[in-house]
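In what follows, a structure is listed as structure tokens, so that the remarks can point back to it.
Chain nomenclature is as follows: A, B, C and D, assigned in order of appearance, with residue numbering initiated at 1 for each chain independently.
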Amino acid sequence: MDASKQTRVCVVGATGFAGVEVVRLVLNHPQLRLAMATDRKAAGTPISQVYPALAGATDLKLSLPEPDAIAAAADIAFLAVPHTASLSLTPDLIARGVSVIDLSADYRLRDPKIYEKWYETPHTSVDLLKDAVYGLPELFRPQLQDLAQKLASGQGPVLVAAPGCYPTSTALAATPAIKAGLVADTLVISDCISGVTGAGRTPSARTHFCHSNESVEAYGVAKHRHTPEIEQTLSIIAGQPVDVVFTPHLAPLNRGLLSTVYLQAKPDVTAQDVQAAYEDFFADEPLVTMLPAGQMPQTGSVAGSARAQVGVALDARRRTTIVASCAIDNLGKGAASQAVQCANAVLGYPETTGLDFVAPVL
Amino acid sequence: MDASKQTRVCVVGATGFAGVEVVRLVLNHPQLRLAMATDRKAAGTPISQVYPALAGATDLKLSLPEPDAIAAAADIAFLAVPHTASLSLTPDLIARGVSVIDLSADYRLRDPKIYEKWYETPHTSVDLLKDAVYGLPELFRPQLQDLAQKLASGQGPVLVAAPGCYPTSTALAATPAIKAGLVADTLVISDCISGVTGAGRTPSARTHFCHSNESVEAYGVAKHRHTPEIEQTLSIIAGQPVDVVFTPHLAPLNRGLLSTVYLQAKPDVTAQDVQAAYEDFFADEPLVTMLPAGQMPQTGSVAGSARAQVGVALDARRRTTIVASCAIDNLGKGAASQAVQCANAVLGYPETTGLDFVAPVL
Amino acid sequence: MDASKQTRVCVVGATGFAGVEVVRLVLNHPQLRLAMATDRKAAGTPISQVYPALAGATDLKLSLPEPDAIAAAADIAFLAVPHTASLSLTPDLIARGVSVIDLSADYRLRDPKIYEKWYETPHTSVDLLKDAVYGLPELFRPQLQDLAQKLASGQGPVLVAAPGCYPTSTALAATPAIKAGLVADTLVISDCISGVTGAGRTPSARTHFCHSNESVEAYGVAKHRHTPEIEQTLSIIAGQPVDVVFTPHLAPLNRGLLSTVYLQAKPDVTAQDVQAAYEDFFADEPLVTMLPAGQMPQTGSVAGSARAQVGVALDARRRTTIVASCAIDNLGKGAASQAVQCANAVLGYPETTGLDFVAPVL
Amino acid sequence: MDASKQTRVCVVGATGFAGVEVVRLVLNHPQLRLAMATDRKAAGTPISQVYPALAGATDLKLSLPEPDAIAAAADIAFLAVPHTASLSLTPDLIARGVSVIDLSADYRLRDPKIYEKWYETPHTSVDLLKDAVYGLPELFRPQLQDLAQKLASGQGPVLVAAPGCYPTSTALAATPAIKAGLVADTLVISDCISGVTGAGRTPSARTHFCHSNESVEAYGVAKHRHTPEIEQTLSIIAGQPVDVVFTPHLAPLNRGLLSTVYLQAKPDVTAQDVQAAYEDFFADEPLVTMLPAGQMPQTGSVAGSARAQVGVALDARRRTTIVASCAIDNLGKGAASQAVQCANAVLGYPETTGLDFVAPVL
């Protein structure tokens, strides 16, 4: 590999669960070079001390997230930070010519008022919001390609808002049916199960092993912040407002997210129609596997990978209900690998570069 | 305890997961005495050899499930057997004067044609079907009390069909809203997550630790056999046909079942209406805890216990959707403890006898 | 039950993992009545709010651990507190006539200098130390019976130092061999595996689900504070100083502790000798099951119970090494149920009162 | 990559847990090409149907393990088969010019009598046994290099006996101390904890999720077949017979193996001596990380990787005992990645080719 041609990367928030997964993917990536990784609390410490799994892979010490230092070190920054932290940092990075792949929620919602309502904080970067592209390549690839062109032609840095984990899997499960015109009702019920990495690295009563282990529970019912993000995406797809009822659950596993989505179909829709619509939609997608009729995905098959798997069934016994299920790794396609997929897209690399490895199968 | 007044119990299928939980509850029960436990394959072996956890608690050897032997040993039999096995044995036991608490599906569905359609086998005991009571005490207590009277007055043995695990939790989650007239649509979506004991004790690729661990998946989508059972119960409650879409999931825990149920409410229903309806419905139930507004149940809080916990929310942002969640132990309230609760009811003991212990809290 | 004859209990530190297990066992106990439960931070809150599993079982609100209030409410106090906290509280309780079952380390080590060395804090209650009995009934039953007599004859409150979890299982695994004179060397290697409840309820990086899950590790190697406690017990048993090398491991389960202990035996010792020695030693113990030759214990068989299971093998191929394995629930026989067992002993109840229930077998 | 220069690989027993991990590593390997994968029962089925995680990565159909077909398709075969199956197949492959990396036990023990005693079956391939090299590169690299030379110079196919999982981790934990002359006694106690993949893919009562979950247990005490293999390796290292007492445990995780090894050191050995000996020994090893003093390895840090991590402590308080701990992935360094590491060595590729990826850190 000609290191001089690699893109230099900074991972901001590198010790969070999504952040360290970006770090891992960058270390494994042939075209990206981990030039910098930041963490406010652990600055000065080798990241391999925080995560012994990285011993032997990198000696990099964590830094403070100073915009000038980032701009000196990196061409592109992945922001794996809580919401509002990106609002503070992104403008400084963009101003210094650093492209940003933002894994936070700050640039996902097109309408700043909706952001302010759900996140209960002002949106302080409305100008940049207009330039941000929502980084779900399977749905918004042309927009990402526009960014690639912009970047390649020297028209400055670009900003991608990498989607949330639940919005990603819900969108992948629901889009083919909506797009194919199979749906009769604008109500989408998304019932999701996430592994505990989704709850973040900060220790708490909920993330204590003995609380999470051997238990499942719903949380954030009727008020989870991913709701408007799902509605935004599905409404764009549907070309009309879609109403989302969304219930996330926590289950005792590290990685994995399963969305089971319920859509009321037009009465004459058949199981074959549905299967065909999904197969068509995902036919050329390199990182999404559409399972054969009768098969539903399990999260264990995508854990550690950059992939999604989708299965669908039709319950036509009484109501005609489409039940679609999408499995992703919440840290992979739900966060870090999707961010790298977006980076590949805007940097002009093949989208699967560094992502087409086979993850442990169990 | 005056052992001469205890009721003598036989557990048929005592080494299955539900069966051994009945054994455990009977051993802990002040009024029931474990007189016999059967298993075709392990007959002759002490049950504590199959389950070392029972060492020190019982020396009982497993027997063959011979009707005459059961009738000689026991007043009441718990049948923790696969469907059709109960169809074979129950008539023989009833004919010999032994009351039966059947944990299988054989006497749950009122209409033998629906049974035959879903279970793909003839129903060979239609006569007894008419006398069977569906053993969900919180919904059908009067019918169980009729059996108690029948038994007490010497009018012969009684037959209780103990409900399935998913039908129990779905019914507890959905009934209060339906009964209070809050619901606008007869569609009930029940999205459930079960621990692996629900998949039974027979080793298989699916129940292999390394398959189940660190993975969640939907199974039996649009065709699980508990669907008509749920429909039957909710239609009785609603007084009209209810359409059920039911998706079970498997998650990596031993015990626990969470049902999250979606009901479209009448437009003017408020969160307070919903919470009040649920609190009213469960006000006097000794084994169901209705959680305060804003709190949802976790299965870890009921694992090992005989209890259910229920929480409810209203998503009135766009549609008016009731999201109700019920947590049970699939082997407890979803199988064995519910069977014992029914036995208590028909034997004239207080319903919670032997069931009001506090299970491990983690 | 005649409530007027029940013993009134206060559980100090009732929201810790060991504390809430004492609470549970007291709630299930026919002769003990939970009169008070304390927690400094959550005083005023119902304990069922902290642990929803207790909903329906108790309405008790948590209190502050004030000595006068405890003395007014309770005859006996279980102290489920960190070390040094018991040194502060126990003298005040004893002075007020309240008997104490102390689950902390403060009164376990006979020699205050050893305490001060390992716990790096002065022992401020040396007088009481002399009266404390080390509460491992299988080894020190006569001493507990002396306390019972003292209490029954009105000679004031008593103090029991309930053993640590690793010392309990190591002592049960090693004692029969030592006592039977089978051992040739005073070196005892104890290699132990504990569930995560053993690490306590305070959230930390180590107890985060995603750290503990899918990983095992040794910790506290060559310096764990249970080492001198194990040495003290085994030296008493052996009648000479015993040298202990002790390695605890953490494994991803909630409850359970397995000690595998290695002892060099005299060269002519046979497997039959060893098995016989263990069977003899535990022959009349109601809460310890000695497994048949060839069988080793699994922690799953004792989780949630008050029992221990022990198995032993002899590796006589080259060296003559006894490999003995003891399984307990670290919160049960390793903490709370052992404390209740001691309370039973000193209060004059049969030792197994409230402890002879059958726990979930899986 | 020039595919014409890749080495063609056949994986025999490709659906077992070790087999599919070899498949995964070959798919990710730049110099190896998966030409064939066999499974007697599933021949004709795409392997991605057996393991949906492979969907999108390979369309290969499983074949029968016919020697002629393997010889036509592949340059090298990985045999991930039970013992005796390799005795049948290896001679046929070697005769056809196919090099073999054997993951079974059949060619590990130098002395066929020891094999016959422990495996209770005749060794039918004693001739080949003499040519087999025990594939633990960190200990026997020169021997592997001899094979590389033999292969490169056209002197025919080679045979590597890849070590067992417990022997690998025990050897890595014990060797530096023995080699540095720190040890005073030839007794080595190895206490190990393995994830459940170590028990194989065949469903059984023991590998049922509900048995393995929430439980730990010792198994095969004093009779596990890895014992003579450990003794063979450590005796070679020590230059004299070493006596091994070995206890494996099963813990509820998929992947991971931790060996904690106890060695009696010479009395004047210091902790610094020990740490230095280990650091020296592993200084240039690319796939073993020696942790700093005071740190012990956790299996979660190596799961999914090709690496080992080692930590060591000295308990010099009474006896002078070295406590060394080695963490590997039982399917990685304990099986498949070690086999690939050996293949790299004999094929003349850098030893870490295809193995220096960073695995998921949690």
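Going forward, a contact is a pair of C-beta atoms (placed from the backbone, for glycine too) under 8 Å apart; a residue touches a chain by one contact, two chains touch by 3 or more.
Predicted model, so just to flag it, every value in this text is computed and none were measured.
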Which chain's C-alpha centroid is most distant from that of chain A?
C
Write down the chain pair with more C-beta contact pairs when A-D is set against A-B.
A-B
Report, in whole Å, the distance between the mean C-alpha point of chain B and the mean C-alpha point of chain D.
47
Centroid of chain A to centroid of chain D, CA atoms only: how many Å?
36
For chain A and chain B, let me know how many angstrom lie between their CA-based centres, rounded off.
40
Which chain B residues reach two or more other chains?
17, 197, 210-211, 213-214, 252-255, 297-298, 300-301, 303, 362
For the complex, give me every residue of chain B touching chain C.
17, 20-21, 24, 27-28, 51-57, 197, 214, 254-255, 286-287, 289, 291, 295, 297-298, 300-305, 307, 309, 331, 356-362
Sites on chain A touched by chain B in the complex:
187, 189, 191, 193, 195, 210-211, 213-219, 221-222, 227, 243-245, 247, 249, 251-256, 258, 260, 262, 296-301, 303, 311, 313-315, 317-319, 321, 323, 325, 327, 362
Mind listing the chain B positions that touch chain D in their complex?
17, 196-197, 201, 203-205, 207-214, 252-254
